[in-house]
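In structure tokens below, several structures.
What follows is chain A paired twice: with chain B in the first complex and chain C in the second.
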Partner chain A sequence: MQNVEISIPTLNGWLLGYPVTYLFSNEKLKKATGVVSMQSLHIYKIYVTRYPYVTGTSVIAMKYKDGVIMASDTAGSYGSTLRYKSVERIKTVGDHTIIGASGEISDFQEIMRYLDELILYDKMWDDGNSLGPKEVHNYLNRIMYNRRNKFNPLYNSLVLGGVKNGQKYLGTVNMIGTHYEDDHLATGFGNHLARPILRSEWREDLTFEEAVKLIEKCLLVLLYRDRSSINKFQIAKITAEGTTIHPPYSLRTYWGFSHFQNPSKGAAGTW
Partner chain B sequence: MFRNQYDTDVTTWSPAGRLFQVEYAMEAVKQGSAAVGLRSSSHAVLAAVNKAASELASHQRKVFRADDHVGVAIAGLTADGRVLSRFLRNECINHSFVYESPLPVGRLVVQLADKAQVCTQRSWKRPYGVGLLVAGLDESGAHLYYNCPSGNYFEYQAFAIGSRSQAAKTFLERRYEAYDGYTREELIKDALFAIKETLQGEKLTSQLCTVAIVGVGEAFHVIDQKTIQEYIDAMEVSSEGGAEEETAAAPPSGEAQEGGDGPAEPAPMDI
Partner chain C sequence: MTDLELPTKGGFSFDLCRRNEMLLNNGLHMPPFRKTGTTIVGLVFQDGVVLGADTRATEGPIVADKNCEKIHFMSPNIYCCGAGTAADTEAVTDMVSSQLQLHRYATGRESRVVTALTLLKSHLFNYQGHVSAALVLGGVDVTGPHLHTVYPHGSTDTLPFATMGSGSLAAMSVFESKYKEGLTREEGIELVAEAICAGIFNDLGSGSNVDVCVITKGKTEYLRNYQLPNPRTYISSKGYTFVKGQTEVLSTKITQIQHKVETVQSGDAMEE
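Moving on, here comes the complex of A and B:
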């Protein structure tokens, strides 16, 4: 064997699926792969989620007068197939937090196992202390960032909301460990379609009814423009009094606009 | 040949249900120079007597910061105390890394107590020969705990450990009921008074003691000598003026009970 072409992925290349290719001579090969793995050439046998299978689309959330409100649809897409239609993607974590997830559903189920265990051990102290939304968010930041450093990310964007000690909290973390707080948040498509609306219409002193109206406006835009979304939504709220995750319901839609009549007309280059 | 048949091993019970080695470790706490602690609902103060081993040596550190919200004062084997304060610092910093929030004082104290307990149940180990007054602030307010070599721990409003601490305890017992409403200045003053009680007539100076405080809006820190000297000077002025009740009543108390090993006494594990 002469010179061998071998791909050694960079961190971001690995995550995004386009390995950067280097050329090594045969005798240097073992050493070069050793940079990435202890076992030369066995690196490709590591099982990681390179791409998600069953996914959920956007989650949107915002603070309002009494707490935090969060919403998502209940779809689980298998690629572009709307495979599952009743996947609950908003859950409670302990007494002060709700979490919403988009991305790989099975990874979210794994995350919920971590969080349920975390809360169980916290409750077992039975000393009056409890983890708030900030603590849960930071715990997840550590998990998500740690997993991406192992080249084995959990394929999700997560939104955490909650109220503790009269303090509202809303934060997000994604599969590569990027995390931040804001007054309103969205994941995936919601970042492009919902957040511009929230930026212009959100207020700190929104009542629950106003907040639901604004959320529904965003959900409707997403329903029209995001092909992975379905018309079955869940809204959850968390206040100092506690958590409510409402049962799924549908929004009234109107497909009679002329733009919806022949969507590919005038779109050159498509069929 | 042996003074006591049951004290050669930590794990050996005496027929009376005592663990002599553990009791000897608790005796080591009484040999160390005194430390006192007291708390209001918002602040906790620690104070310790600085005693040099010889005229030519400097004194050992008695007060350690574990984190912004907790610190300890120790009495007994300083070397053991240092190791345990390093443990406390580790626990605190690990918790802030994972949760970005301070570790509740009650939980820190349980971890410390569990560490001490292990040494009472392993034949190849020795109990720590140090008592720790742990003072800290968390969501539920200011706390003061005493951690004993036996693995027991207790929460206190005010407490004193170390040599001649009985005099300080007697002083604190007369006054602790008002401590919840004390200001930080009043707490410092009473801490210095309690320290003075343990000196048995020796003159209290700022060189002779370390005082530290933690509270709402105030990270754990040792108060500088100049400030302490000002407190001491103010105390002396006021006690000359006649507000003298504590100094007059306290000194002759306690000492007699201390160290009197009555043979029929119950196991003093809870001290």
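Moving on, here comes the complex of A and C:
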């Protein structure tokens, strides 16, 4: 929140959100200045997301035989504090898409408002067509990119997956507007820790059980090595039949390595 | 009254740091350090330790050396992988290796891993992190197999499996999901190779080939270029032939090499 002084040629421009200038002939100029404001405007509170406050960590997703599976933990961190432990970071959008977000939670809630409105208006047409994951992805991409161009980004990295007309789709978009599709995706730390595993072990024809096992493998590595993750995960899947977001559950961790007991036994001063 | 100029006692002289800062403020661009932008790993298996490393050395965005050696010799039973600034890892491991050799002469015994560890960590702590060497030290001595990581500021960890370098996250994801205690030698080597490959293919700072070093009681095997997963694939399979006569010869001049005979004095008597 900052005091920002903006000089825009017209008041109309401020209301519209972009600069508007009018062209007058010399005789009309005097009359025009009476109608149009030439004063610079003091805008006192522009809410710009400069730093994220409540954040979610990685989301991982991949295509499997029947559709798309997505997983994340349910943590909302406030800096280095674990403030919220039951944040649903994966939501459904319409009938054909699920979206998972990492980054600022409030901006994700705002995105969900935009998307719910989009789906609502689409339903109101009542024309038998429904927006699929590709369309939602494109819409979201436009929102994110335009916000970034106004220096007021939505501080998120999003993963969108869905099935429509038998076609599986998985794409990502982030706060600067970079977007792409792939067979498996991750945000944040997941890119460094989960994608190497997925790159070597993902296959087109994974069954649901195999896909869950693979995703749990990645989630466990993230739990061990990402400081902002917690042991409470949610898995969501979407197939041609519909969406299921499973209730949260925990993974079993293993700490029994013999080297973890008394590590400085042989070497003094080491951990 | 003469000013007593004490001779420098050795160690890093920080005198030029102010000058360097001034130069940087005036817009000087220092050449980038040659870093090893690396994936190095180590793990403990049933009978000993396995160390692994990739072979790419980078200078900013350029690959300076496609096939460098990152697994350094410390003593016949101890090896050390190095990540960070190449000069620093080379120099520090060479220095400690010499110190270990002298120590072996003095004690008459095989070097211990904790000796190397203490020498490395005290040296690095002394230089407060300016010696940019991140090391994975592994070996087998009379007390058993040991694996340690050493960080540039001088802290150390003792671990069953460890990764360092820019590709450490990719390699660690492999270890965290697949490591278990009591691995056999073949499983250990395979896991290390897999972790290095994860670094090679998923990290831009790592690449080229996989080096592996297996250390067990009484025997060390340095498997240089254990895997070559990045061969040149686009050269002509038929090979290239250069037929004589393809290049036009304009003129020929043959100069015989003249053997210059030099008399060498039969050496001076060695000075006492």
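Throughout what follows, the second predicted complex is superposed on the first by the 210 of 271 C-alpha atoms of A that agree within 3 Å, B and C clash if a C-alpha of one lies under 4 Å from a C-alpha of the other, contacts with A are read in each partner's own complex, and residues count from 1 in each chain.
Here is the rule we go by: contacts are C-beta pairs under 8 Å (C-beta built on N, C-alpha and C of every residue); 3 or more make two chains touch, one makes a residue touch a chain.
This is a predicted model, so every value here is computed, not measured.
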### Message
Just checking: does A:196 make contact with chain B only, chain C only, both, or neither of them? Give me first, second, both or neither.
### Response
second
### Query
Once the shared chain is lined up, is A:247 touching chain B (first), chain C (second), both, or neither of them?
neither
### Task
Scan A:125 for contacts with chain B and chain C and give back first, second, both or neither.
first
### Query
Of the two partner chains, chain B (first) and chain C (second), which one does A:267 touch, if any: first, second, both, or neither?
second
### Task
Identify the partner contact of A:258: answer first if only chain B is touched, second if only chain C is, both if each is, neither if none is.
second
### Summary
Across chain A, the partner (chain B or chain C) reaching more residues is C
### Message
Under the stated touch criterion, which partner chain does A:166 make contact with: chain B (first), chain C (second), both, or neither?
### Response
neither
### Task
Going by the contact rule at the top, pick out the chain C residues touching chain A in the complex.
44, 113-114, 117-118, 121, 143-144, 146-148, 155-160, 169-170, 172-174, 176-177, 181, 194, 198, 201-202
## Note on the structure
Contacts from chain A onto chain B in the complex sit at residues 125, 127-129, 131-132, 134-135, 138-139, 142, 165
### Message
Show me the residue ranges of chain A that touch chain C in the complex, using the header's touch definition.
### Response
189, 192-197, 199-200, 217-218, 220-221, 224-225, 257-260, 263-264, 266-271
### Query
Where on chain B does chain A make contact in their complex?
97-101, 104, 106-107, 110, 138-140
